[in-house]
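Structures given as structure tokens follow.
Common to both upcoming complexes is chain A, partnered first by chain B, then by chain C.
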Partner chain A sequence: MLVMKNINKTFQTGNIQTHALNNFNLTVNEGDFVSVTGPSGSGKTTFLNIAGLLETYTNGEFTLDGKDVGQLNDNGRSRMRNEKIGFVFQGFNLIPDLNLFDNVDVPLRYRGFDAKERRRRIEENLERVGLASRMKHLPSQLSGGQQQRVAIARALATEPRFLLADEPTGNLDSQMAQGVMTLLEEINQQGTTIIMVTHDLELAMRAIRTIQVRDGRVSELDVVAEKASA
Partner chain B sequence: MIEIGLIVRALLRNKIGALLIALQIALTMTIMVNAIFMIQDRQSQMQRESGLDEANTFYLTNTVFGKDYNLQAEMQTDLNSIRKTPGVIDALQINAIPLSGGGWSMSLQHEPGDDKDTIGSAVYMVDDHAINTLGVELLAGTNFSAEDIEWRVDGQSTWPSKTIITKAFAEQLYPDNWETALGKTIYISQNQPMQVIGIIKTLQAPWNGWGGVERSMLVPFQMETQSSYYFIRTESGRRDELMPIIEKTLAESNKERIIRRVTTLEETRKRSYRRHNATNKILTTVVITLTLITGFGIVGLAIFSINRRTKQIGTRRAIGATKWQVMRYFLVENFLISCVGVIIGIAGAIALNMWLVKTFNLTPIGFELIAFGAVALFIVGQLAVLYPAKKAALIPPATATRTV
Partner chain C sequence: MFNYYLRLARISILKHWGLSLLMILAIGLGIGATMTTVTVNYLMSANPIPHKSEQLYYVQLDSWDVNDPFDEGQNPPDQLTYTDSTNLMKAKKAFRQNVQAQAYAVIEPNDPEILPMIVNARANSADFFAMFDVPFIYGNAWSNQADDNKELVVVLNKETNEKIFGGKNSVGESIRIDGNVFQVVGVIDHWQPKPRFYDISTGAFNETEDIFVPFNLIAEEKMRMSGNTNCWKPTGDGFEAFLASECIWTQFWVELKTEQDKDDYLNFLNAYVEEQKQYGRFLRPMDNRLSTVTQWLEVQEVVADDARIMMTMSFMFLIVCLLNTVGLLLAKFLGKAPEIGLRQALGASKSTLFFQYIIEAGCIGFAGGLLGLFFAFWGLIGIETLYGDYMQNLATLDLNMMALAIAISFFATIIAGIYPTWRACKVQPSHQLKSQ
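== the complex of A and B ==
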């Protein structure tokens, strides 16, 4: 479970303060699939970065899986990212010099699994995204949709509780986007909690729950959306 | 867990930069090891003992211009007066000064004849005060007696019948057992016999760069000549005080000659090895400069590759790398590059050394020096990459989502 209470995030650039999140409140339950929409600059990425422990917040309360995130130091946050969170990025963020197998291997190395366990997880997850046959390929030899599938395999290999995706389909054409979305739905059905930021309303509506961020807070619309999907 | 496999595979996709740095490390190692080797070689040359009591020894030149000057008698008067001066241990007339760069050498042989193998030796013309004045150690045999000393005029080609030689010369003459040289007759000027009556431990020739620098012989000659050296040994610590006194006494005792170039043996040693010292300084500068260039090269490549991989590093942090794991990546990467560089460097160092050994007749390089070079370059590499690696570790994980 993810609980954010009155989270504020202020960016200071010279004399200018940007309030990216204003008393942001949100609870995400185990097994949820939450899509996050909202205008550009409203704070979606900021929210996701804080949720994923990539950024710290200025004040407020944030517990993730029962842990008070505010208490963690940098190493603790790194470990928690590695163990509990999987990331999928708009730009895929694969390591161009490593083949698919090695790309999926990276977070597993940080975790310290032995070679056999790593191999099992890599093969299983590449299988799961339908790319097991291309293990030795480099990212540059794949289409965008395929690269995003590898990124999803990498995110899943550590068996995270949460999968966070910031516009995972933003760089894909609609057909590939549909494929990735379907894959995310499958993953969610298998038990992983997903939070996905997207500009694509049609995809957003496929989530179990849709929230909208406006001016750094969750707007009331999410209630409507929840009702609509109910 | 150290991701060596991943680092190697990523490196192999970016070979050129890494290879250039590895080659730079190899080249630096090759030159560093051999330069240090040459520095050490020179230093050990400089540390060789001349055999003299250097700290308490000085010499001067006595040049006679007076007509009807009784060279023999005046020289004896000079030496007697120097020897009687309080604080002087002993003094003599000599034809050449060790380490000075100028002197005499002769070829000696076991058998008389013009087609025999010869061995070169420096020749010092001295009297029976030589052992005491030079401060050399007589290992076997006896000193010259006063009756052994002959007068020699300029241009004379005959030699006395006795000699005292250094142990190094005896070893060259009788490689099986140098002590057997004692009492043997050797031949100078192809056919003039000389009996070895004594063997001294060490007395260097005047030429420090000569391979036979340890081979010298004392010949019982007093020179009836217009210009020669007086060589003076003082009691410990009294050299500087006696130098002007003796110079003045000599100059005033007889105005038909001039006393010049009053010089300590320490100055002579310094001048003798000025080239060595200068070369060592240059070599040291080369080693330091090369090492710095290599260090900066490593820093440069690391910063370049980190700037290029900012997003990748942010992504690694986002998927769970700790700061230390990011840092370690670059330390290990540098270590691997250094390994390649050092391995090539070892081959290069040995190859260059083999050439140097062949060309300049040096002894081959020691294993310790190669090990030192390798360790030094590993340390340089790790130190050089430390700052960029720290910088990489500070790349925030949000870089993964904030940059496109």
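== the complex of A and C ==
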């Protein structure tokens, strides 16, 4: 469970203060699929970065699976990211010098799994996204949709509790975007909590919950009723 | 993880091979220049006989002109007169003693097929071999009796034995030297102390001699001396007069086992000089000295000042090369900021990433060290070519120097890599991930 209470995030540039998040409150339950929408500069990416422990917050309370994130040092945050959070980015963010196998291997290395376990997880997750036969290919040899699938396989390899996706379909054509979205839905149905930032309202509506961020705070909760109950 | 980081370093180095090559080249040049000068200094300042250098003493007595001191009064003369050397030898007050001088001779081989040859010779006492741990292949040193009896005996070095006797055991064989028939009593193995401490007056880095004969044969005119001779007053006519003169041309070494032995020997020297003063000699204030091997090398300034300056300058050059490497590493690692941000997102802590990139810097340093060894090898050949014989025994890289080159290169590059790595690890992952 992810709980944010009165989270503020202020950026200081010279004498100018920018309030990226302003008393931001949100609770994401186990198994949720939450889409986050909002205009550019509204603070949704800042929220995702803080949720993914990639950025610190200025004040407020943030607990992830019951742990107070504010108390963690760099090592603790890294460990929590590795164990509990998977990321999918708009730009795929694969390491171009490494083949698919080695790309998926990266978070597993930091977890400290042995070689056998790493291989099992890599093969299983590449199989899951339909790219097991291309393990030795470099990212540049794949299409955008395929690269995003590799990124998803990498995110899932550590079996995270939360999958954070920042515009996961932003660089894909509509057909590929549909494919990725379907994959995310499958993953969610298998129990992984997903928080997805998107500009695409049509895709946002496919989530169980949609929230809108405006001026650094959640302006409207549960726009769409729980899909599961529909 | 170490092997994983090594693999990532290899991938990264090959991927950015141009930049990596520049860094390796910069480090290689710096290490090459540094190791060239460090090697020369190391060999110049090495202790050539470490296990007994504190028991071997070079003897100096100030027999010089009362009105015009030797070495501007800073040091007594660097050699002894024949009179003093032979008197000290006769006294036999040390555990071992050796009087010596450089000489030369013509060997006429028995085999008419082999042409006569001029050889460098050392005229020395029997104790020379035991004092300086000279290794023998065949036979032994001659006896003290042979010294006293002025016997015509010779010890050959390995190369001379090869030339004249084809390398066989020649002990007991006869050999004609300067028209006299000598008996071979021993053949020594290759022996080249660096520096050649036992006679600095004729070159601290010259090769050891081809043959060794009893010192007393010089007085018998059966061996011709060839070392440095310094005189401060006329010698008179004839060789007898020269031997009795105040000219200095002999070197005198003693082996003393304890500090007490040293004190006793110094007292003996002082008493000897007091005695000689009664004969009108030693008019200068008493300044008798016993120097250990390392002290003697220091006094004689075996490590030249210009070699030290060159070494300092080469280290400064290495620093410049490393500063260039810092810049190049900074460019390379900051170029990897998106990957660093991503790795952080995937669970790498800053310390983990720091370790990963420091290993990459270390790999570049290791490769630079290997290239530096190659440059140092050629640098030493260049120095040997430039300075000729003086440097011929110094222009070699031994295992210690090779290990030092790699170690300096590795650790210097790691130090150079600290700042770029630290900067790279400071990137804000969220910024990098969004900008990809």
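Definition applied: the second predicted complex is superposed on the first by the 220 of 230 C-alpha atoms of A that agree within 3 Å, B and C clash if a C-alpha of one lies under 4 Å from a C-alpha of the other, contacts with A are read in each partner's own complex, and residues count from 1 in each chain.
In this section, a residue touches a chain if its C-beta (ideal position, glycine included) is under 8 Å from a C-beta of that chain, and two chains touch if they have at least 3 such contacts.
All of these numbers come straight from a predicted model, not from anything done at the bench.
With the two structures aligned on chain A, chain B clashes with chain C. By the touch criterion defined above, A:D97 lies against chain B and chain C together after alignment on the C-alpha atoms of chain A. In the superposition on chain A, contact of A:T193 is made with neither chain B nor chain C. Residue by residue along chain A, chain B and chain C are tallied for touches, and B comes out ahead.
In the superposed model, A:T169 lies in contact with neither chain B nor chain C. Once the two complexes are overlaid on chain A, the chain A residues touched by chain B in the first and by chain C in the second are 45, 49, 52, 54-55, 74-75, 78-79, 81-83, 87, 89, 91, 93, 95, 97-98, 106-107, 109-111, 154, 158, 166. Here chain C touches chain A in the complex through residues 1, 4, 11-12, 15, 338-339, 342-352, 428-430, 433-434, 436, going by the rule given at the top. Taken in their complex, chain B has these residues touching chain A: 1, 3, 5-6, 9-10, 13-14, 311-312, 315-325, 396-398, 400-402, 404. Contact residues on chain A toward chain C in their complex (touch as defined above): 45, 49, 52, 54-55, 74-75, 78-79, 81-83, 87, 89, 91-93, 95, 97-98, 106-107, 109-111, 154, 158, 166. Per the touch definition, chain A reaches chain B in the complex via residues 45, 48-49, 52-55, 74-75, 78-79, 81-83, 86-87, 89-91, 93, 95-99, 102, 105-107, 109-113, 154-155, 158, 166.
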